[in-house]
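These notes open a run of structures that come right after.
Both of the next two complexes hold subunit A, though its partner changes from subunit B to subunit C.
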Partner chain A sequence: MKRDSIMSFLSSLVVLVIGLFVGFLILLFSNPGAAAGAFSTILTFGFSSMRNIGDVLHGATPIIMTGLSVAFAFKTGLFNIGATGQFAFGGLVAILIGLNFQGMPDGLRILFALVAATAAGAAWGAIPGLLKAYRNVHEVISCIMTNYIGMFLVGYFVEQHAFFAIENRSASLPTNSNLPTLGLDRVFQSEILPGLIRSSDINAGFFIAIFMAIVIYLILNKTTFGYELKACGFNRDAAKYAGINENRNIVAAMMISGALAGLGGALLYLSGTVHIAAGNNLLPYGFTGISVAFLGLSNPIGIIFSGALVSHLFLGGARIQLNFPIEIVEIVISIIIYFCAFVFLVKTFLGKHIGKLFKGGEKS
Partner chain B sequence: MYIIEMRNITKIFPGIVANDDITLQLKKGEIHALLGENGAGKSTLMSVLFGLYKPENGEIYKNGEIAHINGPNDANRLGIGMVHQHFKLVHNFTVLENIVLGVETTKTGVLQMQEAREKVLALSQKYKFDIDIDQEIRHISVGMQQRVEILKMLYRENEILIFDEPTAVLTPQEIDALMQTMRDMANEGKSILFITHKLDEIKQIADRCSVLRKGKLIGTVDVAETTKEVMSEMMVGRKVILSLDKKEAQIGETIMSVRNLSQRGIESKSHKLRLSNINFDVKAGEILCIAGIEGNGQTDLVYALTGLAPIDNGTITMNGKDITRAKIRKRTESGIAHIPEDRHKHGLVLDYTLAYNTILQTYYSPEFQSVGFLKDNVIMEHARKLIDRFDIRSGQGESTSVRAMSGGNQQKVILAREIDRDPQLLIAVQPTRGLDVGAIEYIHNQLLAQRDSGKAVLLVSLELEEVMNVSDRILVMYEGEIVADVNPKDVTFAELGLYMSGAKRMEVAV
Partner chain C sequence: MTIAVFNSIMHWTIFIMIPLIVVSLGGLFSEKSGVVNIALEGKMILGAFFGTIFMHYVQNIWVITMPGWLLLLCTLLIATIVGIIISLVHAYASINLRANQVISGIAINMFAAAFAIYGARSTLGTQHIRFTNVMRIDHVPGLGSIPFIGPIMFQNTYFTSLLGIIILLIVSFVLFKTKFGLRLRACGEHPQAADSVGISVSKMRYAGVILSGALAGMGGVIYIIPIAAEFSGTVAGYGFLALAVLIFGAWNPKRIFFAALFFGLTLSVASQFTAIPFLRDLGIHANFFRMTPYVATLVVLALTSKNTLAPKAVGQPYDKGGR
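Now for the complex of A and B:
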């Protein structure tokens, strides 16, 4: 068990190093003179000040949630590619509640927004779950469809009920609807110019994400419910043989997966820094969540770290746009994340070869 | 000079040396048996010869010249052919199409089948195969399919023929025919490698026999000059008691009762029934055995009894209570235990630990959980008890991933779990499949112990020896029907074979 954790960590590290290397080659190809500097920016910018560290953690919050969402479904043998739609739905509901219900006390309204967003994500996740369980429709297909339906619905509601026409995006929330910062803004701040102190955008959402990771870890590893879910994921036939109600578990897993993504949407849009752009775009968070889940080897605690890492890369990447076109930056970041998809391959490979090394050591 | 010589072959898999410095020499025109328990390394060695695995060490020589085999195509070029245990046939192709597949003759891209047809017919006649080469594979029997595999090798003019446990799926009559064919081919000058763990067959047909045990070559013997006992001892490394110590059965009340059970197949709704009008009772204190050749409805029957598949007609009662429509969990709770046919598919969650696999049907009981949280300490303790009681061996005790365990010990986990639930009826489907002699003996004794403690046992088996040795009563299934109800003391192997192959049947009354 312990050796397995070491292997997981090592293999994540290996894919990361390979990804970084290939990313560096692309920078070199695009602008040789600035490549080395840019590369070092990508690697170090996120650590370079307290404010940046705060921003890395803040940026990690939504993708930790979508990462958990994807990983949770994955443990049950389902591939929730629909996290994007569930995330958008949750975000929309949170924005609508944050804009309205001004008669409620702030804390209650925020709590209501979080709960309602979670429920909305769960409902949106339930659709592919029900289709899979009772109509045997592959969840990837129905998730793709719910993603698009979600995208259009969210676009419609934003334009009708929460529109800020000047910037062609969803309306900004009144600050009393934002998640509390809990004093984090004073911890994660830095002097960006002499005398000018700026705070990070980080807020309580990051703690909620960590809390959820722990909850999911406990559900999966300590409860009968997690036992059933994983049994279905590992071996559907054996679960059936054991009398486990597979259909109910599929629906439950997709609902919880959707709930996590929906809550992620609320955490992002209740921070007051990001808005839903009008027009029909699939939000990237759900797909980034897939990479985060893979890189964290679907372990909820691992996902906290992989989420922070990916967020770190995004922040550093945004910084090098001075010398590189945005397309190149996105290619580099994508390549690094893309290599993360090979983590299982590398783990198997390491397992074989390091296993051999151990054996060799024993013999000599 | 040997036609094939494998010298000092060593093949290592992570954590296990599957072949340890094995030298195997095959003479031209001989039938050479490769004997060993499951996991002894026979299949690995043959896979090396067939180019499917690359050995860490050692070379292969053909007629004294070194041969480099990097895949089945190389093996085929060298004249090596293999009949795999699970046939490699295209089910909706005809016999002829299957035979030429991969070596088709074409003229400007158009198939030329006439020549192939004549050649296949000639071969079929020569070996008295009596096969309709225009039938689709899915419509012919398993025995016929095996002949197709043999014809494939002959068509390719292979001279070294490997048979991987060819008799496992055949009736006694078909086995006799196969033996004759193998003898004919050897007389023609073909060299045959025959993988098996059945001593009778070796005695009957092989010239020489190489015995493997735990990846090592124990020795190669001349079959005519060696007794079965000696070979058996070479194989398992100790003397084996080949018969069971079995007391008289104390038959009690009826536990499970099946009436007029019928089942349509999923694929052939309009065609014949998968199960047709099945009637029987299983009583406390008896081992009732369902015998038959693979694919005659045994699997469907077990699925129907355990609730894995719904049934179309009939009733199933357990202790007088109707469970015909009951869910799997209800049936389990009513006292049915099930050792499934495919332990990897149904019996185990391979990625779970040994401990978690022992609570597969009971994890929700108050013993193992409170308010939805698993009591890991209790579960571990429970697993340790079972490990002690059933002598389950594994690398890291109760926290070993079941995937990392040997087949015999995996089966013991299932056995332990099912027996520990203290069931009234134990349905054991091929519980000894793929296990070595020691494990088989152990499992047979456990089944008998269940019987002797007044439980009912329903054993589904394809192994005639097991059927005859273990059971108190035998039902034979043929094409979804029960065609015989006999006492093992009153029936011979040959007679059972006739029932199993549909050549004979009797009226069966409950």
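Now for the complex of A and C:
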């Protein structure tokens, strides 16, 4: 069992290195002179100051949530590529509550926004869940449909009820609707110019994401409910034979998965730094969540680290924009996802060749 | 509603439905052979990217003068080849390595979307690849003068529209009237049975995926040429819409045609409904028209999937040991 988890970790690492290597080749091909410098910037920029470290953790918050969403569904045998739509719905609900309901005390309004966003994500995730459980519709197909339906609905609501026409995006929330910073801004700050101190955007959302990762870990590994969900994932028929209500479990799994994504949307848009652009666009966070989930081996604790890693790459990628388009990071991530498709193959390969070394080590 | 508005709606219906037909037929080949293809979007993007950047170079950088039809033909050819190359990546993962076909498809979609923008920015300095439209046929001699049909189908038209219909006919014939088509379908329905009578399942699946890549790549160019003067790295979800057409059309070429017609008409109305008095007066937001195809597909799935018409073995890697 221990050897297995070492192999899993190693195969993740191999996949990551391959992705980075191909990314480096593409940088080299498009601008040989600047490639090496840019590549090292991508790898190191996120660590270069306290403020950047804060920004990496802040950027990790929404994708940890979508990563958890994808991983939770995956553990129960479902492929939730609808996280994007659930995330957008959660974000929309959080924005609408943050903008209105000004009569409520701040803390209560923020709490209300978080809970309502979670519920909205769960509701949007329930649709593919119900269709899968009772109508045998493959969840990948129904998730594609709900993503687009959600995109148009969210676009409509933003345009009608939360619009900031001058910048063609969703309206900014009043600062009293933002998540509290809990003093994190004073920890993660640095002097960017002599005498000019800037704080990171990090806020309490990061702790909520960590907390949810722990909760999901406990649900999956320490409860009967989690055991039943995983049993359905391994073998639906065997689970049914063992007396597990597999239809109810499928719906529950998709709702929890959707709830995690919806909460992620709230954590992002209640930070006051990001807005939903007008027009109809699929948000990238759900898809990034897929790579976070696979890099983290669908392990909730692993996902905290893979989320930080992916966020780190994005921050570094944004830094090299003078010489290279930021899309290089997405290219790297897409290649990582591609290799994740046969991560088990990598694992078997490693197990054959490197596993012997570990075996030898254990004996001596 | 004036005649001009009606004609414009019909033109847009054709512009939208033709790429949907071509790309969903690509998806049909792949799924009939037993491989899920949610990478249609990515293949369209890459086809359109390499096609339009070729046009941009010919027109603005190399400044070669060539007749419009020749340029169109070269562009389509390039897009087709690009589609085939990228589909090999998908085929290798899903057939040789028996990997998760959905993950590989997602990776290709993500790669394509990022690569199209990266490629355009690092070669042209901008995300937008401009091209001059020299392929429009203003008036087909003779046919364009037919009353009613002429202005809709034979004025302001493109050769690609005709090509789409020809492809539809060829695909129906190949899939249902030839030995190759029968074998391909067998691999998607019951690969063990196909294998037991000496058909190479992996070869047939490669054929299905390659054909799907070719059509999807070509579909990217067919999509972008009539409706825009530049390509900005996106095909607006048409690859996924084509997947919806495939499902709504019950994996059947004839029904795919009508599904594409329905989707095309809906989206065309969505883009111009403010010019139609009775629809404008209803006060419905354009987004509700835009989501109709997706809602309709969900409803159809919910109603029919208990006895689904999808190929039985679609999405399952073929394992000889399971025979």
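The definition used in the following text is that the second predicted complex is superposed on the first by the 335 of 364 C-alpha atoms of A that agree within 3 Å, B and C clash if a C-alpha of one lies under 4 Å from a C-alpha of the other, contacts with A are read in each partner's own complex, and residues count from 1 in each chain.
Here is the rule we go by: a contact is a pair of C-beta atoms (placed from the backbone, for glycine too) under 8 Å apart; a residue touches a chain by one contact, two chains touch by 3 or more.
On a predicted model such as this, the values are computed, not experimentally measured, just so you know.
In the superposed model, A:I141 makes contact with subunit C only, not with subunit B.
In the superposed pair of complexes, A:F234 makes contact with subunit B only, with no contact to subunit C.
Looking at the shared chain after the overlay, A:T224 reaches subunit B, while subunit C stays out of its contact range.
Using the contact criterion defined above for the overlaid structures, shared-chain residue A:F79 touches subunit C, although it does not reach subunit B.
Looking at the shared chain after the overlay, A:G351 reaches subunit B, while subunit C stays out of its contact range. In the superposed model, C is the one of subunit B and subunit C that contacts more residues of subunit A. By the touch criterion defined above, A:F101 reaches neither subunit B nor subunit C.
Once the two complexes are laid over each other on the shared chain, residue contacts for A:I337 go to subunit C alone; subunit B is not touched.
Residues of subunit C that touch subunit A in their complex: 36, 38, 89, 93, 97-104, 106-108, 110-111, 113-115, 117-118, 121-122, 237, 240, 243-244, 247, 285, 287-288, 290-291, 294-295, 297-298, 301-302, 305-306, 308, 315. Those residues of subunit A whose C-beta lies close enough to touch subunit C in the complex are 26, 30-31, 79, 81, 127, 131, 135-138, 140-142, 144-146, 148-149, 152-153, 155-156, 159-160, 280, 282, 287, 290, 294, 324-325, 327-328, 330-331, 333-335, 337-338, 340-342, 345.
Residue ranges on subunit B touching subunit A, taken from their complex, read 14-15, 306, 308, 327-330, 332, 338, 340, 345-352, 356, 360-361, 363-364, 369, 372-374, 376, 399. Against subunit B, in their complex, subunit A makes its touches with residues 1, 222-225, 227-228, 230-231, 234-235, 237-243, 351-352, 355-356.
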